[in-house]
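As structure tokens, here come the structures.
In the two complexes that follow, chain A is the common piece, with chain B as its partner first and chain C second.
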Partner chain A sequence: MNAFKVKRKDVKEVSVIYLKGYLDAHTAHEFEEALQELVDEQRVRIVVNLSELTYISSAGLGVFMGFIEDVRKKKGDIKIAEPNEKVYRVFDLLGFPVLYEIFQQEAEAIKKYRAT
Partner chain B sequence: MTIQKHRVIGIVFPLLIFLGVIALDLRWWPEGYSPFAYGKSKELLLGIALGLLVWGTPHLKWLTNRTLLQKLRLLGLFVFVLWAGNKLLSVRSPSSIQVFDDGISMPAPVFSDALWTVIFLGVVIVSVWILTILKELVYVQQGKKTERNYRLLLIFIFLQIVYVMASRREATGTILSSWDVRNLSDTTSLGNLFFFPIVLFAFINGFRSKWIHYLNKSQKTGFFFYFTLVYSFALLMLVKTPNVFSTYSVVVDSFFRSLILFYVIYSGVAILGILFLLPSAGLVDRRIKEIQSLQALSETIGSVFDMKELISKTMELSRKVVGSDMSWIELREDSGYRLAGALGVKIEDVEKIPNSVRAAIRKEGEKVTGALLINDLTKNKNTKGIRKWNRKAGSLLAAQIRYKQRELGVLYALKHDLFGFVEESRALFRAFADQVAVALENVNLVQVTVEQQVYREELRMAHEAQMRLLPREMPNVPGVELGAFCITANEIGGDFYDIIQVDNKRLDIVIGDVSGKGASAAFYMAELKGVIQALAPHYASPKKILTEMNGFLQKHFEQDTFVTLVYGIYFPVKKQIHLVRAGHPPVAQIRGKKVTWLETDGMGLGMASNDVFNRSTDEKILQLKKGDALVFHTDGLIEARNKQGEEFGEALLEETLTNLKGEKSEEVLNEIRSCMENFTQGVPRHDDVTLVVFRILK
Partner chain C sequence: MKRKTKSYLLKIPSQTDNLEIIRNFISGVAKKVGFEEEDVNKIELAADEACTNVIKHAYQNDESKDIDIAIKIDYQKLTVVVTDRGQSFDMREVELPDMKSYLAELRVGGLGIYLMKTLMDEVDYRSKPSGENEVRMVKYFLKKEKRPVK
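And then the complex of A and B:
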């Protein structure tokens, strides 16, 4: 089993989730649980920081897809920050940039929330 | 030697000898003188008969194939019968007496009286039975010397018989008119030189009474009184034995006396032994029951795989092990404890104990090694109020069920009495709880294994379904060559491809990848294939088809499921292919040695509304010419890993395609495949790998 860790940090009304390691079908549920926790707490302004994420599979992508509609209905969003080249390529091929705002810096993502 | 032979030689034969001797005696009776009646030959015959009987009776199954209790009861009965028989023989006077010249009087041949004969034979046989049972008792849990010591006893008995026989006086005489008899021999069985070895070995064998340990307390008590009663009869026979046999046969007489002596010594020692063990008998019984409960639990561990059954057995056994009036078990679940079973009390009643009290008991238990013992529940600060719930709650035992540092639950045993549990019960309850832990773990493992097998079976079926959805053979389209392979991973990956010939003016090539988990991906694939087949004939534009599909997916698939796809419609007349890349890895176009990636804009299906999909997805029209090849792949190829954890990657794929040696589709497929296998070097795939190669021939 490849290592995977999820961390959370709350910055005022924004919650940042840090994904580290390998996100695939085996570890996707941890990411899912973290997002569910946030949604349960009505914390829908979410930034997912991928600076330490080395790999993402379709299962991991599915987690994003599973929450985005609900979060947006609640007037929130899931913004993506600091993906590495490989991970960004996966997003790009799939068409994620059309659906999600992807930032090179976490701070930019948080700022974007303030702007709205 | 067979049982039959044993019976014949050891029982029937001696009996025949006895009868023969009696018959011979009878023969000379009318003559008033019998050279045989008191001769050594008769004694010899009787001695041999006795010896055979002693040897053969242990093979008598009806006697030896009995339980210990039955044997003990029979022993007492036989001794009593012996005494009764003896009494009968001595009381019943023979019809006449024969006396001889030298003044020594002899009884008339006793056999003239048929009844006397029968009783005589019966007494001899029962004596041998008694000896046999005593032998069985001596041999219980035999040690190294048991056999030797017993045989020595027998040897001394028979040596004495020989001695007595040898020193028997010859006699002649006439018939007297009264029943006045004296011993034939000066050397009575008691008091001769073999007396002491016999007594010695009788004592040595007397201490071999291990069978006492197999009796429980009530049986010990019962047999104590039983054998004491029988003992009085045996003593009477020993001390006041009438000279019933000695006048008839010194051999039989000697044997008889030795036997009674042996019995008296053995029985005396055994009775004392029982007496000494009586006080601790209760404790011993309890210990045995505890160990039996633990043994029963061990067996249960190995054979019960149903949780409910295990819980119910555990409750039964916990009552036996510590003698509790009530017992119940809590199982750990997530962050709480669930009451899983109870005995001697209803679960609903146990639930009435406030959670705080139960939690407090658990906490107290954590501080103790071994089991927690609360001798007086009313005085313990945590459980004071327990009487409100059940007036009969006196003392409590609680043990954590722990398996390898992991807590599985808690076992409780409650007694009505205060101080109802002894201190040793703690260690016992702890041992019991440890066994329960192993049993629980086993049941869980079995459940997990079963679930895993069910899951594997599901995957296998889904895999088969997946394989069936792929085209069985490539359609024959003039001017075009197609080849494909799909290597599945162990887990369902969701890859598929399809080649659809709507009509002879077009050829549809589809390659796709369903996201999502496990077996459901295969079912989605089936749906998709159906949808594609249904839509294809209606649209000549892949974008239109995919937009419809997007709508379908949005409506019918799970939110977290999406599909990536490349859809190409080839028109052979114009040699044009219309391509749409819906979030899928790009198609490679190979022209000569040049590789171009057709990376058009596009997004996966089922991710956004049709509007968004439409806006973000482009349809590209590509003009192809002879010799061109298109290679479609799924991300399983790119993400294939080697031992170092490196990915195959797009760069290596490009390199492979640039340096292709073969031209035909099959050759291209094989080259790519072997390149991948060379890279991964046996590392198992974690995703399906699909490749389609499409070549223009002319």
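And then the complex of A and C:
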């Protein structure tokens, strides 16, 4: 029933996390674990691809908030790629576009890291 | 279109893996009574936030407890009432974060109440003498500027 999945792909120094399904209070810890794993491996150039994410609540948004400071301190970032309109609207409501770079294409987000 | 008063009720164990069922219940009713997709999504998210608060705070993850979710429809609005019998928590006492400084300070958590108040037209909370706590959230069929002046 609960079709939430987290996948990871490393593209040289950048790691992409793919979220699929519902990101809510039930599934947020799986996303948290995936980010923690990257931080533990010192892989802090992170892109979160949301193309298959159908829903996000504050529990999911809290995970982004919980890691961003630590990741930036380590000279990395969390960039967001390919959110659908419904998910983007929730980000927008909370002013996330001010704090996070959001890209329409995953490749653009990866390219941005290459440029820095 | 004239709508008759109708009620929909769901009693469900206080578990995060039931949030999906709760969302489907809420969005199913909101869609059926004629809300547009954007409003359906808002009502669904606000109800999720209210129930998540109950599961985590009022019942402190005690899965033996139940949450009651009632949706009432009248001719002008949809009302969601989420009732629990756990620890009371008065969201009226929680100061709404100023989002700019909130983001600047990167505070974690506490976004749920801000979302509920932003997504719905009215949100209220009360603890009854019977020990029940009730969050009541309203969405009008018409946007404020289109509603007849009383």
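As a working rule, the second predicted complex is superposed on the first by the 115 of 116 C-alpha atoms of A that agree within 3 Å, B and C clash if a C-alpha of one lies under 4 Å from a C-alpha of the other, contacts with A are read in each partner's own complex, and residues count from 1 in each chain.
By definition in this document, contacts are C-beta pairs under 8 Å (C-beta built on N, C-alpha and C of every residue); 3 or more make two chains touch, one makes a residue touch a chain.
None of the values given here were measured: they were computed from a predicted structure.
Novice: Under the stated touch criterion, name the partner, chain B or chain C, that contacts more residues in chain A.
Specialist: Looking at chain B versus chain C, the one contacting more residues of chain A is C.
Novice: Now for A:25: first (chain B), second (chain C), both, or neither, which partner does it touch?
Specialist: both
Novice: A:66 in the overlay: touching chain B, chain C, both, or neither? Say first, second, both or neither.
Specialist: It touches chain B and chain C both.
Novice: Quick check on my understanding: which residues of chain A belong to both its chain B contact set and its chain C contact set?
Specialist: In chain A, residues 24-25, 57-59, 61-62, 65-66, 69, 93-96, 98-99 are touched by chain B and also by chain C.
Novice: Can you list the chain A residues touching chain C in their complex?
Specialist: Within the complex, chain A touches chain C at residues 1-2, 22, 24-26, 55, 57-59, 61-62, 65-66, 68-69, 86, 89-90, 93-96, 98-99.
Novice: Across the complex, what residues on chain B touch chain A?
Specialist: Spelled out, the residues of chain B in touch with chain A are 491, 494, 513, 515-518, 558-562, 564, 583-586, 601-604, 606-608, 612, 615-617, 639, 686-687.
Novice: What residues of chain A sit close enough to touch chain B in their complex?
Specialist: Residue positions touching the partner: 24-25, 57-59, 61-63, 65-66, 69, 93-96, 98-99.
Novice: Can you list the residues on chain C that touch chain A in the complex?
Specialist: 16-17, 19-20, 23, 38, 41, 45, 48-49, 52, 55-56, 99-100, 103, 106-109, 111-112, 114-115, 118-119
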